[in-house]
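As structure tokens, here come the structures.
In what follows, chain A forms one complex with chain B and a second complex with chain C.
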Partner chain A sequence: MQTSVDGNQSSNEIAGADQNILNLLDSMDNYLILVDSLSSSLRQGWLELASARYSMGASRVNSSLFDLKSHQASTTLQVDNGGIDTELPCFTLCKWTSSDEAKLEEDELLKNKSDSPPVQHLESEERKAEESGSPVTANNHVEKERFKSLSMFGTLVSPKLRATQSTFETTLETLVEMSNLRASLLCAYDHVQKDRKTD
Partner chain B sequence: MYGFEALTFNIHGGYLEAIVRGYRSGLLTAADYNNLCQCETLDDIKMHLSATEYGSYLQNEPSPLHTTTIVEKCTLKLVDEYKHMLTQATEPLSTFLEYITYGHMIDNVVLIVTGTLHERDVQELLEKCHPLGMFDSIATLAVAQNMRELYRLVLVDTPLAPYFSECITSEDLDDMNIEIMRNTLYKAYLEDFYRFCQKLGGATAEIMSDLLAFEADRRAVNITINSIGTELTRDDRRKLYSNFGLLYPYGHEELAVCEDMDQVRGAMEKYPPYQSIFSKLSYGESQILDKAFYEEEVKRLCLAFEQQFHYGVFFAYMRLGEQEIRNLMWISECVAQNQKSRVHDSVVFIF
Partner chain C sequence: MANKPQIRTNSSAIMAMIADEDTITGFLLAGVGNVDLRRKTNYLIVDSKTTVKQIEEAFKEFTSREDIAIVLISQYVANMIRFLVDSYNKPIPAILEIPSKDHPYDPAHDSVLSRVKYLFSAESVAGDRR
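Let's turn to the complex of A and B:
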């Protein structure tokens, strides 16, 4: 009987170790797919930027037009360093928040941190849409923020420059996804290392 | 012949027409572009260009090259040729040649004003200005807070002064005002250039009317497409269209109310010269519209050289030179980014 129980325990351990290895390999595979996707979208973005410069002229699309006045970031990254329930850090992208909303979110974040366990934050426009029940309003807000961000190159910009903006936006999302995946990859690696040591 | 220009043109314009036709023969051919498109690095491009008219401008540039360096040096060549022609020209050709640069002057003014609004260093902005559009007091633009000051402090003594009457306000400069100022100035400039060419008469008037009308129509289409989905109202959009061209006035009425690319296509396909351009695009597509317009422009500019004894050849050469620089910029970017498969997306062959 004892031998059978011990046998069951060790086969469970082996199954657990195999699962950890599978998790590691899955995470690695997904990570490499994202790396490839990132490379591809960056290449596309840079070429679209060159195309926008071809279309609008070099004097309208160049780095000397970047706005150096102090202003709130329209897109922020929130890092949740993990808590009681999870050891993984969590990266969340908040896209296209206006300056007023950025301050509001910062206040809410500080308030939530002072309470109990940290909560993952949705993108601000999605939360607003859920509260107001109006996805159209949220989309209009996002479009306004996009327009405002591109206005440093002029208010009448070519569709190619807007396509460039959209591509780099996708790139940013991929980067955040990669960060989250890397965190889970490292965690899976730690589990595999632990299993090897116990063996 | 329109006005018996053959009898008198060569007295004052013969030498420079010969010079500009010589410059035209130095433009890159399809064979040159094919060689350039096969380059692996920017140094290869420099090596291929060393056998062309650009050779002396690039030969002293150290490696590693940058795409902006290639564009800058090629632009210098065009500027030198322009200045040579301007110094040799007499009236009215000298005024005609100066008109060609006013578009660059407007771009430079807007660059300085926008950069200043964004708290950029003036020296840095001056380095980015197009050399054909430079004037003495350009750096003083940085102190102006609104258009009235812009005009009073700087632009009143420049050739752009007459174009400011339609856009002088005391409102502070912001991104939207600057954009409207840019397009209003350009509209006034095109109309003034058109009237000047009409006054010259003869073959110059005939050929330049066609070229400037095409420019006005292209700007109308670009303004329409670029303003879709923005805060620019229909009335403001209509005000930015020039008061001449094939699309004036009925095409402009239709373009002013367009809300998407398909409506723009619908408005433009009623005009046979533009039907061929829009037939190359699939529905909803606008990515290759620029190339299609540039190809049509190059065709018309090359046709200007088929006739003698008119000033249109000077305008055509400068525009073809600018197209050549755009081509070199695109090829350099594709080579630098290792995306040679996309090089033919935007190169417009001149010959």
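Let's turn to the complex of A and C:
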């Protein structure tokens, strides 16, 4: 009787270990598929950027034009560090989120810290009133943010540069998926390592 | 140093990049560029004049900042600081090795995949048998 109970326990352990290995191999396979997708997406983006540089001129599309003034990222990430049920962190992409609220907070902070003139505070109040009075649709806001990003290369840009922007936005989605897969891959790897040590 | 923001559950974070100019340009167009009040950027453009020390410092800085959730690094750049990348084992920020224009992605060099490869390698299995 004891032998059959022990036998059941060990077969369950073996099944569990096999499952961990399968999870690891599945995660690895999915990760490699995503890397392949990322590679082709990046290649398309580089080609479109090269076309944009060709049509606009190299002096109009280069790193010396990058905006080095203080500004927040428009595309951010939400990170869920995992609750009780899961140890995996979860990344979510937030494209073209409002940088206005962050800018308002920064203005308030500067106003409180320094002896800034009332004009700065007034600008913040005017902005708040404008936003609450006339709501901007989500699409308009996204287009505004996209335009802001493009505007570092000038007001009139080549359609190829817009295409580059769109391609790299898609690439970001792939990268976030890869991050989540990487987390599950590392978790499966840890489980397999633990199984090997207990054997 | 002033108090650094912590990545709490469901809080906002940004991406950092260590790559060539074209890759960084593309991602900046997608809106991930961030410059803080001290004029520090969340990216490092790697070219022929960039030293290994600069890359190391950027990597250490980005992986220690608590507002950065993902660090993108071109694989050929990661190969220059391979010892540093391979010794990194925190879940956040996630380090993703990406291809570059002149250097296609090689899974054998990827930090995470090479660990898995070693797990199933003959040396690893022989080590267990001893």
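Basically, the second predicted complex is superposed on the first by the 155 of 199 C-alpha atoms of A that agree within 3 Å, B and C clash if a C-alpha of one lies under 4 Å from a C-alpha of the other, contacts with A are read in each partner's own complex, and residues count from 1 in each chain.
Rule of thumb we're sticking to: a contact is a pair of C-beta atoms (placed from the backbone, for glycine too) under 8 Å apart; a residue touches a chain by one contact, two chains touch by 3 or more.
Computed from a predicted model, the values in this text were never measured in an experiment.
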What does the overlay on chain A give for chain B and chain C, a clash or a fit?
fit
Could you tell me if A:Phe147 is touching chain B, chain C, both of them or neither one (first, second, both, neither)?
first
Could you look at A:Leu38 and tell me whether it touches chain B, chain C, both or neither (first, second, both, neither)?
second
Chain touching more of chain A, residue-wise (chain B, chain C):
C
Can A:Ser158 be said to touch chain B (first), chain C (second), both, or neither?
first
For A:Asp67 in the superposed arrangement: first (chain B), second (chain C), both or neither?
both
Does chain B (first) or chain C (second) touch A:Trp46, or do both, or does neither?
both
Report for A:Ser59: first if it touches chain B alone, second if chain C alone, otherwise both or neither.
first
Regarding the shared-chain residue A:Leu24, is it in contact with chain B (first), chain C (second), both, or neither?
second
Counting only touches as set out at the top, which of chain B and chain C does A:Val192 meet: first, second, both, neither?
second
Least CA distance chain B-chain C after superposition, rounded to whole Å?
5
Report, in rising order, the residues of chain A that make contact with chain B in one complex and with chain C in the other.
46, 50, 62, 66-69, 152
Considering only the defined contacts, which chain A positions touch chain C in the complex?
24, 28, 31-32, 35, 38-39, 42, 45-46, 49-50, 61-63, 66-81, 83, 89, 91, 94-97, 106, 145-146, 149-150, 152, 161, 164-165, 167-169, 171-172, 175-176, 178-179, 182-183, 185-186, 189, 192-193, 196, 199
Within the complex, which stretch of chain A touches chain B?
43, 46-47, 50-51, 53-55, 57-60, 62, 64-69, 143, 147, 151-152, 154-160, 163
In the complex formed with chain A, which residues of chain C make contact?
7-15, 21-37, 39, 41-42, 45, 69-70, 72, 91-92, 94, 96, 98-99, 101, 104-105, 107, 112-113, 115-116, 119, 128
For the complex, give me every residue of chain B touching chain A.
68, 71, 107-108, 111, 114-115, 118-120, 124-125, 127-130, 175-176, 178-179, 182-183, 222-223, 225-227, 229-232, 286-287, 290, 326, 329-330, 333-334, 337, 339, 342, 345-346
